[in-house]
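Have a look at the structure below before the remarks.
By letter and in written order, the chains are A, B, C and D; residue numbering begins at 1 in each of them.
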Amino acid sequence: MELSTEVLMDMHRRMVRIRLFEEAAGQLAEAAKLPGFLHLYVGQEAVAAGVCATLSDGDQITSTHRGHGHLVAKGGEFRPMMAELMAKSTGYNKGKGGSMHISNLDVGMLGANGIVGAGAPIAVGAGFGNKLKGNGNVSAAFFGDGSTNIGAFHEAANMACALKLPVLFICENNEYGEFTPRDQTMAITDIVDRAAGYGMPGVIVDGMDVVAVHEAAVEAKARALRGEGPSLIEAKTYRFYNHHGVQNLGLKYRTDDEVSEWKERDPIFTFEDRMVEAGNATRDDFNTVWAELRADIADAIQFADDSPAPDPEQLLVDVYTMSTEGAAS
Amino acid sequence: MELSTEVLMDMHRRMVRIRLFEEAAGQLAEAAKLPGFLHLYVGQEAVAAGVCATLSDGDQITSTHRGHGHLVAKGGEFRPMMAELMAKSTGYNKGKGGSMHISNLDVGMLGANGIVGAGAPIAVGAGFGNKLKGNGNVSAAFFGDGSTNIGAFHEAANMACALKLPVLFICENNEYGEFTPRDQTMAITDIVDRAAGYGMPGVIVDGMDVVAVHEAAVEAKARALRGEGPSLIEAKTYRFYNHHGVQNLGLKYRTDDEVSEWKERDPIFTFEDRMVEAGNATRDDFNTVWAELRADIADAIQFADDSPAPDPEQLLVDVYTMSTEGAAS
Amino acid sequence: MSRKISYVQAFNEAVRQEMADDETVFCAGEDIGAFGGVFQSYAGLQAEFGEERVVDTPISEQAIIGLGVGAAATGLRPIVDIMFMDFICVAFDQIVNQAAKMKYMFGGSATVPLTITTGGGGGLSAAAQHSQSLEALICHIPGLKVIMPSNPYDMKGLMTACIRENNPTIMVKHKRLLGMQGEVPEEPYMIPLGQAATLREGSDVTVVGWGRMVNEAFDVAKKLAAEGIDVEVIDPRTLQPLDTATIIESVRKTNRVIVVHEAVRFGGLGAEVAAQIQEEAFDHLDAPVGRLAAPFSPVPFSPALEAHYLPSANDIEQAIRDIVARPGA
Amino acid sequence: MSRKISYVQAFNEAVRQEMADDETVFCAGEDIGAFGGVFQSYAGLQAEFGEERVVDTPISEQAIIGLGVGAAATGLRPIVDIMFMDFICVAFDQIVNQAAKMKYMFGGSATVPLTITTGGGGGLSAAAQHSQSLEALICHIPGLKVIMPSNPYDMKGLMTACIRENNPTIMVKHKRLLGMQGEVPEEPYMIPLGQAATLREGSDVTVVGWGRMVNEAFDVAKKLAAEGIDVEVIDPRTLQPLDTATIIESVRKTNRVIVVHEAVRFGGLGAEVAAQIQEEAFDHLDAPVGRLAAPFSPVPFSPALEAHYLPSANDIEQAIRDIVARPGA
């Protein structure tokens, strides 16, 4: 598949947006400016970017505890995202959700999720809706390697296959669930081995290569839209920071060598190198992107900083929708 | 594998015991003498008999809503079983459990279960215990095709594989979950396709052939005891009666042809024919078994009939164990 | 309005009429399609509305709720069925942590017009895992609405209101009331959620009850009227939000009150009702708020035990006699 | 006994000493092995007792509980960890329908000496799915015991009692108390389950609270003592079974009582406490039983909102002032 420079640069931009957002969030967390937990997506950018570049606002994704990356890739804006992480009233979730529940339905992002595996069944529901409405949309569930051990993942995968729903299952295999290596929690090496048990195709892609991810997603989406049901894409990837926060907590559950080997394969820098080599872009092009987005991040932080915390009167607002009938569609 | 006549006759006896118990239970239910729900195992006898013939009292099994067959095969006695179904104080569960929770820990039967899929994680726990104690025992989880769609099954299978536990997963694929055909609820034909996703071997056996089931179980048990972890055995089988109770409820979810084709393959009668043909037993041998066990059943019904209902004072007994320390082992 | 139909038919009619009226309504659950559901709640609907809108699902309660959440958040009005109320435990995360909280966590941007239907209550010798009344668990969870009708008329009106409601609702059908006959208008109508019904006015004592228990209380009240004991009977109908105002007003008049439910007394919803009454009507109470409920044990299988387990008409009568006999303040 | 250790160290010490003393004790949970658990509750145990007895599990809460149930029913004393209390919802069936009911359903023949440990409570900006206090849900389930210590001394004694207990217990560590220091004897000791502690005697009003809240109440009581308001402070420590006798006795003396907890007020355990107090001490009450608890909403992420969500020392102080100011009967 030959991708246009436009698509390539779009995916690059998505990756850089994630990287800058996450690095900034990490710094703010270290400066104790972000309350709560923070799970950074740095290192895995190619997965979200490659998949989301195939999706429109009408397509939905569900996410995980490691969710900002997905929302950025799906088109989330820096200002309300940063404000949400800082628990401000101008955040996407009005400060009520934070990092683990960040969401924006306008761009089809049905929420980060604090419960491992819980997003997948919700993606299946969105996919069911798309099929029933016949709107030509698909949904994609992002989830980690560790989450494929939980019941909700299994039920979601099987149901989507049984009902032939237009759903993409995107596994981000970063080889760890929190501080425990994948091979201690499953007797298989490739998550994709689970696909056959549901009756869907499964493919392994290099999760550090946004083009490879994109190709697999394009194919899976086409299959879904042909009415042939879901697919499983396993992206082999790695998180550069700790499970949560920025620093390791003393325990060496990953070797320095392992970390630096993966960092060599940085999804953004290797992509830039290839683009420059192939003559598709110049260093300057990329520098411009980084500079522009850095400015956006600075602006977003300023915006979030200037925004007020939610008013205590908001505490009991939005527990329920107050209208009946017709508000949903 | 050459099986001794003794083993063959033992398996036959287990099957006939199940058949007679279940037929009697069905008749009692029709006569409104059994309260609650009743899920009969008739047709599937070869599975429980073939597997349990490889197990000792020290090995454990977990079961399903369709649980009497498993308990009979594991060595459950007619009297306390019939009494339990009739809600008598002399039942295995003192009338508190009934058909859906019938159990007997002395023979290693950790209970029928009213929650689809819930038995499998418990079998994993028993298997963990066996491994930790190094007692050379194994546990076996029986479950239906439909139950492999539920999260608990998935988690149990994966955990047993990850921890390399001596557990046998025995799927009774009777092609239906209640009134819904299997192919509407999964996009695969063989449950065994799920085994690879956990990293365990899976084998399909003719669930109407007790010898085939037995062979597979022997192999799975040997593997478990070699410390190589669990196996999945899928027994293709069929229930001759309705999902619950004896009669169909009007709805023709299975064709008459389908039912009678399977009945042609009755696990007991075909086994008897083969035995007679091979000169391993005579019709008379079998008639003796049936007659003897029929008498046992009559005795058990009499026993249950004569037994008292639980005294109301038993209502709040056994909610908790009243002692601390040391009662468990 | 002289047409009489049953409680379960009233449920069915509400679903049918809403499906006919609003094409965003669909149903999904185990065996609800071709078979119509184990309680026949969904009988005939698949024939009328097709397999796309009346969906037989795998045995996957988590994915069933997730299907509903995802479809609801993206513009449909799902009705999803959990066969027995006991099984909400299998899907508890999706109900409690996803469906209930999505709107709030998302800062109000999500709307989840989801109806969960299930069958609750005891009295069928269905034992510990098929007989529970677990309303207290879900009434404690902000974001959910919980409904438990006691008669066919209320069933239709409340079910219609659930389907049109823009928040997650849990409609609990009492299994022992399925066949109860009553007058039900043919045209669609709504009973607003959160409005109690005063089934009988009285001056001596108030009895608050729901599900089958309030009908028992009503019969007792009629009987005692002949003796000059004048009982007011209140059915909250919706348990969350609870119409406390109607209850408090009644207690301020009668000065004595008994709450009766099938659920276990400790931590049951009766505790909340009692706590609120003594908070709001402290100076009006001539006796402590009485609670009649199941004792602290799992539901026993034995009919002899279960008869003692569930509150009976006799128990209600005795409790009323006792409380009116107590000297006032 | 002048040695001070922290709440979480007290937990850890109890586990370590019981493991050393009883080889049937083992631990299993996510990241508890090499890493020692996200709260470091299990720190050092794998190094001391090996991988066989301190087991890192897959992310499979249902199978984690099932592992415990099956191992407990076959003679071990499992301690299984559910990282955050919110996640009990993921494993709710295994807790509520299996662990809690097995003994009773089996007519007493099973013993389930299982300890479930988890981290509860808010105040860490951990948002709606990592902050809940769900004790009311499990206290409503016959068969379980529920423990929530408020200080290091109680933690060690209660955790030791849990491990030695022959029924399923749920030990809830309050996340905000993990670092709390206190004097803890080095030798093993038990605090019997079901015994409240009177932290402070007083004559004007009783405050009943648990977890972090009772410590807040204690500080308020000390402060108010200077003003001559004499507050009795009771910590039930075990919530199921609840030491009602101690509470009732206190209220009969003080005639006024406030219950305070972090959980949502509606349907919280405070309702049960209030209901029982008004039943048992009706004629002794000079004011309605007061309840201080979280309002009816999910836990908000924003620290500004969460501060208003959780009851505070100020709220407790105000409630005490109000109730003692109320004219008596």
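Keep this in mind: a residue touches a chain if its C-beta (ideal position, glycine included) is under 8 Å from a C-beta of that chain, and two chains touch if they have at least 3 such contacts.
None of the values given here were measured: they were computed from a predicted structure.
*Asks:* Determine, using the mean of C-alpha atoms as each chain's centre, which chain is farthest from chain D.
*Replies:* B
*Asks:* Look at the interfaces A-C and B-C and say which one is made up of more C-beta pairs in contact.
*Replies:* Counting C-beta pairs in contact for A-C and B-C gives the edge to A-C.
*Asks:* In angstrom, rounded to a whole number, how far apart do the mean CA points of chain C and chain D lie?
*Replies:* About 30 Å separates the centre of chain C from that of chain D.
*Asks:* Counting in whole Å, what is the centre-to-centre distance of chain A and chain C, each centre being its mean C-alpha position?
*Replies:* 40
*Asks:* Can you compute the centre-to-centre distance for chain A and chain B, using the mean CA position of each chain? Integer Å is fine.
*Replies:* 44
*Asks:* With centres defined as the mean C-alpha position, give me the chain B-chain C separation in Å.
*Replies:* Centre-to-centre distance between chain B and chain C: 36 Å.
*Asks:* Mark out which residues of chain A touch at least two other chains, giving numbers and ranges.
*Replies:* 93, 95-97, 101, 113-115, 149-152, 155, 158-159, 162, 184-186, 319
*Asks:* Listing for chain C: what residues touch at least two other chains?
*Replies:* 57-58, 60-62, 86-87, 89-90, 93, 97, 104-105, 127-129, 142-143, 296-298, 300-301
*Asks:* What residues on chain C touch chain D, complex-wise?
*Replies:* The contact residues of chain C facing chain D are 86-87, 89-90, 92-93, 95-97, 100-101, 104-105, 127-129, 136-137, 139-143, 240, 242, 263-264, 266-272, 274-275, 278-279, 282, 285, 287-291, 296-298, 300-301.
*Asks:* Note which residues of chain C are touching chain A in the complex, please.
*Replies:* Its residues touching chain A are 24, 26, 28, 52-53, 55, 57-58, 60-78, 93-94, 97-98, 102-113, 142-143, 145, 161, 164-167.
*Asks:* Could you pull out which chain D residues touch chain A in their complex?
*Replies:* 30-31, 33-35, 38, 56-62, 86-87, 89-90, 124-130, 295-298, 300-305, 308-309
*Asks:* Which of the residues in chain B come into contact with chain A in the complex?
*Replies:* Touch residues, chain B against chain A: 149-155, 158-159, 161-162, 164, 184-188, 193-200, 229.
*Asks:* Sort out for me which residues of chain B touch chain C in the complex.
*Replies:* Residue positions touching the partner: 35-37, 87, 93, 95-98, 100-101, 113-117, 146-147, 149-152, 177-180, 184-186, 251, 253, 309-310, 312, 314-316, 319.
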